Amino acid sequence: MPYVNIKITQEGATAGQKAELIAGVTDLLVKVLNKSPATTFVVIDEVAMEDWGVGGLPVEEYRAKLRAGNG
Amino acid sequence: MPYVNIKITQEGATAGQKAELIAGVTDLLVKVLNKSPATTFVVIDEVAMEDWGVGGLPVEEYRAKLRAGNG
Amino acid sequence: MPYVNIKITQEGATAGQKAELIAGVTDLLVKVLNKSPATTFVVIDEVAMEDWGVGGLPVEEYRAKLRAGNG
Amino acid sequence: MPYVNIKITQEGATAGQKAELIAGVTDLLVKVLNKSPATTFVVIDEVAMEDWGVGGLPVEEYRAKLRAGNG
Amino acid sequence: MPYVNIKITQEGATAGQKAELIAGVTDLLVKVLNKSPATTFVVIDEVAMEDWGVGGLPVEEYRAKLRAGNG
Amino acid sequence: MPYVNIKITQEGATAGQKAELIAGVTDLLVKVLNKSPATTFVVIDEVAMEDWGVGGLPVEEYRAKLRAGNG
């Protein structure tokens, strides 16, 4: 009975893409560990860009810095 | 000093119902483990229906499938 | 289909006490939100004392400080 | 830059199976959302059987009950 | 490659304050454990007041009770 | 009343280093958001190397690959 939590930045993932994630992760757990889909939960969290940090910066600033070649 | 996180699908839980969950979980931890309420945190997350998957499907599709007798 | 995560400090909770937490939280979700037990997951994490901080201190130091009347 | 947390009951998943989960989830996020593997984290938690509840019971009791036909 | 999740009550933290948290936590992990900023993720969750409980009460009621001297 | 969860790979962090993390994160929340230390929880999780993935690989393989210049 797995529980999977997927956190992604909020950048327009569609309901269809989320359904693909749910199906894909569940299939993976069936295939690798023989888990039952009926007791496999998947919870997706979309995180606002200002709430996600990497490299000590909010993610948009971090990406801008990488693009500017200072990464 | 327990920390409890309750994730539920977003289906109209009221502030009153959330207060009941907070009170109930806290009482339970006092009763079973003699924890102090003042250092017991409860955080409730309401998860959008399209962000919760079970049986490899978003929860609404899963419920529809169960109702249709294909579960 | 709720998911509940209970984090407690590792201080000897027994399997019986954990079973009481699982039963109690599940009953609460049935009573307050009419959730189905079969799709209610409860995951308990016991956290080593040195890994839990409060008041800026590991929990044992914090308790000692409170007992010493400096809290 | 996704973060994925997979919680499973502690029932002997091997390092090889965990590596398959890590590879599979990462591939899925690349395929569905075009995420970069280098900033995709996957964290697997194995949860002791007595710490996982479903149907208001620790998971082993729940399974025994299902097998006994009382589910 | 640390992952840090900061949950705070939703009380008007600004993007600038969040950036300070992201920078500060990342610096701390560099300083204490020599972690690489590029593989340090920080995710901030703002939790609605009615979704955060302490002392068995939603946080606003709890604070009101403390102010009233019944804490 | 913040709650902070820090996940790091299990590579020998000492109790002293954990205490530094607890103190540092708590100070940061006091300084940036004026939070009270007494209601600030910090929970540290050490994650076994085989349970942490990045770049689609368990972290040790990922690091070996980077060192080999194939990253």
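Order of writing sets the labels: A, B, C, D, E and F. Residues in every chain begin at 1.
By our rule, a residue touches a chain if its C-beta (ideal position, glycine included) is under 8 Å from a C-beta of that chain, and two chains touch if they have at least 3 such contacts.
In this text the structure is predicted, and so the values were computed from the model without any measurement.
Q: Mind listing the chains that sit against chain C and also against chain F?
A: B, D
Q: So which chains are sitting against chain A and chain B at once?
A: Common contact partners of chain A and chain B, which must touch each of the two, are C, E.
Q: Would the interface of chain B with chain C count as same or different, where same needs over half of all numbers used to appear in both copies?
A: Over half of the interface numbering overlaps between copies: same.
Q: What rotation angle superposes the Cα atoms of chain E onto chain F, in degrees to the nearest 5?
A: The superposition gives an angle of 180 degrees.
Q: For the chain pairs B-E and A-C, which is connected through the larger number of C-beta pairs in contact?
A: Between the two chain pairs, B-E has more contacting C-beta pairs.
Q: If you average the CA coordinates per chain, which chain's centre is most distant from that of chain D?
A: E
Q: With chain centres taken as the means of their Cα atoms, state the distance from chain D to chain E in Å.
A: One centre to the other, that is 27 Å.
Q: Using Cα averages as centroids, what's the distance between chain C and chain D in whole Å?
A: Distance between chain centres, rounded to whole Å: 21 Å.
Q: So what's the Cα centroid distance for chain A and chain D, whole Å?
A: Once rounded, the distance between the two centres reads 15 Å.
Q: Which parts of chain E, given as residue numbers and ranges, touch two or more other chains?
A: 1, 3, 7, 21, 25, 41, 43, 52, 54
Q: Could you list each pair of chains that touch, in label order?
A: Between chains, contact exists in these pairs: A-B, A-C, A-D, A-E, B-C, B-E, B-F, C-D, C-F, D-E, D-F, E-F.
Q: Would you pull the chain E residues touching chain F in the complex into a rising list?
A: It is residues 1-9, 13, 17, 20-21, 24-25, 28-29, 31-33, 35, 39, 52, 54, 59 of chain E that touch chain F.
Q: Taking the complex as given, what residues does chain E use to touch chain B?
A: 7, 47, 50-58, 61, 71
Q: Any idea which chain B residues touch chain E in the complex?
A: Counting only chain B, the residues touching chain E are 15, 18-19, 21-23, 25-27, 37-38, 40-46.
Q: Note which residues of chain F are touching chain B in the complex, please.
A: Going through chain F, the ones touching chain B are 1, 3, 41, 43.
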